[in-house]
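Structures for review follow.
Each of the next two complexes has subunit A plus one other chain: subunit B in the first, subunit C in the second.
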Partner chain A sequence: MTLSLFDQFLSPVVCWIPLVAIAIILPWILFPSPTTRWLNNRSLTSQNWFLSQATSQIFLPINPPGHKWALLLSSLLIFLTTMNTAGLLPYTFTPTSQLSINMGLAGALWMGVVILGMRTQPTHSLGHLLPEGAPALLTPILVIIETISLFIRPIALGVRLTANLTAGHLLIQLTSTATLAMLTIMPVTAIFTGILLFLLALLEAAVALIQAYVFVLLLSLYLQENV
Partner chain B sequence: MTPCPTMHFLFLFPSFPAATPPAPVKMADKAVPVVEKSLADVKLKELPRWLAGRDLTPNGLVRGVTGGYDWYYKKYINVKKGGIGGISMFLFGYVVISYVWSFDHIKHDRWRKYH
Partner chain C sequence: MLSRLVFLSANSLRSSGLIGAGLVQASRSLQTSSQRLAPVPPLPDHGGKVRHGLIPEELFEFLYPKTGVTGPYMLGTGLIVYLLSKELYVINHETIYAICIGTIIVYGVKKYGATVAAFIDSINEEKVAKAQAAKDSHISFLTEAIENEKKEQWRVEGRGMLFDAKRNNVAMLLETNYRERQHMVTNEVKRRLDYQIALQHLNRRLQQEHMINWVEKNVISSITPQQEKESIAKCIADLKVLAKTTQAKAAA
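For the complex of A and B:
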């Protein structure tokens, strides 16, 4: 039985424990809670510095009532960044390449943001369905289009992350298979493919970080509209 | 009369075992039950017996896991000049665990079958 290209996205189970469970616990282990000490160890200091920089960047444009979401969005950022980058290690499983996990995160958080907006300031939230400065004649069409774009948001959020990571992993697998296969037959082509593989791995590392940031940034933008 | 008469006796008579002082007892000679040893002192063949004797209740398992985590954290991460070694070892162990988990699936790969 030969393996198909998509078999890397299966989660193998040993002793009733799926690998996805270990991959999801990984961010919890890698980021210990801050201590009460004034000066922490290097690892904790660098993690806390990064997290405070990222959180202040994300929450700069958001009103003070929205700052209650800081803990949720910063932990989401850490969660996604760690899972994405850990998936680049050999033989590991990437939970965020699964639509189930991404849609679960995107759908729940988007719905929370929209319900918050509808409950606290319904007029303002519904007002987003008609952009400012639009001609009066286009109002019906614009409202329909904006409603569709509102409901597409969770799907877009989840599928964007899934597609980016799945495509990246597949490309890496394809390129590495090609490099290995051509190593004995056409070594020069294999060297070029190897260089391509190296560049692709760099790209995937960047994509892993950027996609996690984009996920959280978009959620913060939706929060900004509704809070 | 010689100045030290006892010395002649020592020369003439052989030394009996009772005459030599007993060897001092070293700390390593004390017998410790296997279950009470720490994991670093347990030999490989004693490992199943050590594991069976541990506290295997859910609370005991949680305490064991958190104890292991705290030991690793204090030894390699929470140190004055912690470097990349602590996290690298952990990530290497994670890769090894992932390999072990996927082996049953990977062994069917074509490249492995036709070696």
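For the complex of A and C:
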């Protein structure tokens, strides 16, 4: 069967056994649970340090009632970072390039923060629909625009992550296919495409980390508004 | 982590009837991790040795007796050539990408590996240093306290001498005070006695003078004028005799 460019994004199946669950759960073993030791090995120390730094950074602007979300958002950060960076390796499947997974995460979490805001402090949450310092004439239009922007948030969150990763992977595949194809015919052009591929891989590594961080950061911002 | 699994499974197996207990005992020889949770066994200082960052040294040592130093390398090359020639591994676009990302990862690890490892080690060392500092400060505080205590004990010994000196001082003050008062008393008594003596002397002198005056008065009043003339004449006669004798002595 001929491979199309999008076959790398198909949910992996081996003999009709879906492997996507394993693909999502297996990276969990990279993060061991806290040990009974006071001083740990390097990998565990670095993970703990990174996680404590990231969590304190993200939760700095959020007032104390929102700190209940620390576990959820930090585990989300770890999940997304691991999925994205593991997808950089060749022959791997990136679960976060699937719209289903990203929309599931984005929609559920966004709805969670909005409902939290509406239940605990409805006036304050609804007040966000009218930004401060706006002239009184524009109020109806502004409220409509802000409502639309509120409801577009989950779509934006999910699609942003999906699009970034899918586009990155697709570009990598295209460039590497081009390099391979031209390697025998036009080696010099193949070298240039190879350099492009090299730079693209670097970009993809950066994007993988940044997109995960942006996802979690935006959720923390929505939380900050509503808690 | 897996030893916990052994404990849990052993517990559940043990409670699950006759065969369960036998199974646990039979597999005990296969259980290699320690059966006790404390004391925690120490972590090795360095991780397992690897060659080329991926292949454990144990493979090289395993193959060395039979195939020497180049054995594992021949094995690797042979495997790769076999996979490529039989097209078990097909070279496709992912291969090019794998070369790219492999270069990036190897370069990154080689360049920043030592720095990152040093940083992570410094995190652990800071932890140890903090605990060590707390321990050292506590030890120094206690040593100081011991020295202060010894000093206080030495001071207590000296306090006896201090008390003796103070007691001597006080006794001397009392003695001085007593002597002063005694001296004062003596002086006062002497003054009074002197007064009495002076009074007596005065009396005696007055009496004497009075008596002398009375005697003189009586004597003078008793001298008649005739007696006075006779005495004066006698005196002149005596004087003349004396003058004569003296002249005679002078001439002789």
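Heads up, the rule we're going with is that the second predicted complex is superposed on the first by the 224 of 227 C-alpha atoms of A that agree within 3 Å, B and C clash if a C-alpha of one lies under 4 Å from a C-alpha of the other, contacts with A are read in each partner's own complex, and residues count from 1 in each chain.
Note that a residue touches a chain if its C-beta (ideal position, glycine included) is under 8 Å from a C-beta of that chain, and two chains touch if they have at least 3 such contacts.
As the structure is a prediction and not an experimental result, all values here were calculated from the model.
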Message = Taking the superposition on A as described, I'd like to know which of subunit B and subunit C A:R42 touches: first, second, both or neither.
response = both
Which superposed partner A:L10 touches (first subunit B, second subunit C, both, neither) = first
Query = Is A:F198 contacted by the first partner subunit B, the second partner subunit C, both or neither?
reply = second
Request  = Applying the touch criterion given at the start, work out whether A:A70 contacts subunit B, subunit C, both or neither, answering first, second, both or neither.
outcome  = neither
Query = For A:A163, is the partner it touches subunit B (first), subunit C (second), both, or none of the two (neither)?
reply = neither
Ask   = A:I22 contacts which: subunit B (first), subunit C (second), both, neither?
value = first
Key: Partner chain(s) touched by A:P90 [first = subunit B, second = subunit C, both, neither]   = both
Query = Is A:L30 contacted by the first partner subunit B, the second partner subunit C, both or neither?
reply = first
Ask   = If you lay the two complexes on top of each other, which residues of subunit A touch subunit B in one and subunit C in the other?
value = 32, 41-42, 89-91, 180
Key: Residues of subunit B that touch subunit A when the two form their complex   = 69, 73, 77-83, 86-87, 90-91, 94-95, 97-102, 104-106, 108-111
Query = Of all residues in subunit C, which touch subunit A in the complex?
reply = 1, 37, 40, 43, 47, 91-98, 100-101, 103-104, 116-117, 120-121, 123-124, 127-128
Key: Partner subunit B, residues of subunit A touching it in the complex   = 1-3, 7, 10, 12-14, 19, 22-23, 26, 29-30, 32, 41-44, 86, 89-93, 180
Query = Tell me, which parts of subunit A touch subunit C in their complex?
reply = 32-33, 36-42, 45-46, 49, 88-91, 172-173, 176-177, 179-180, 183, 194, 197-198, 201-202, 205
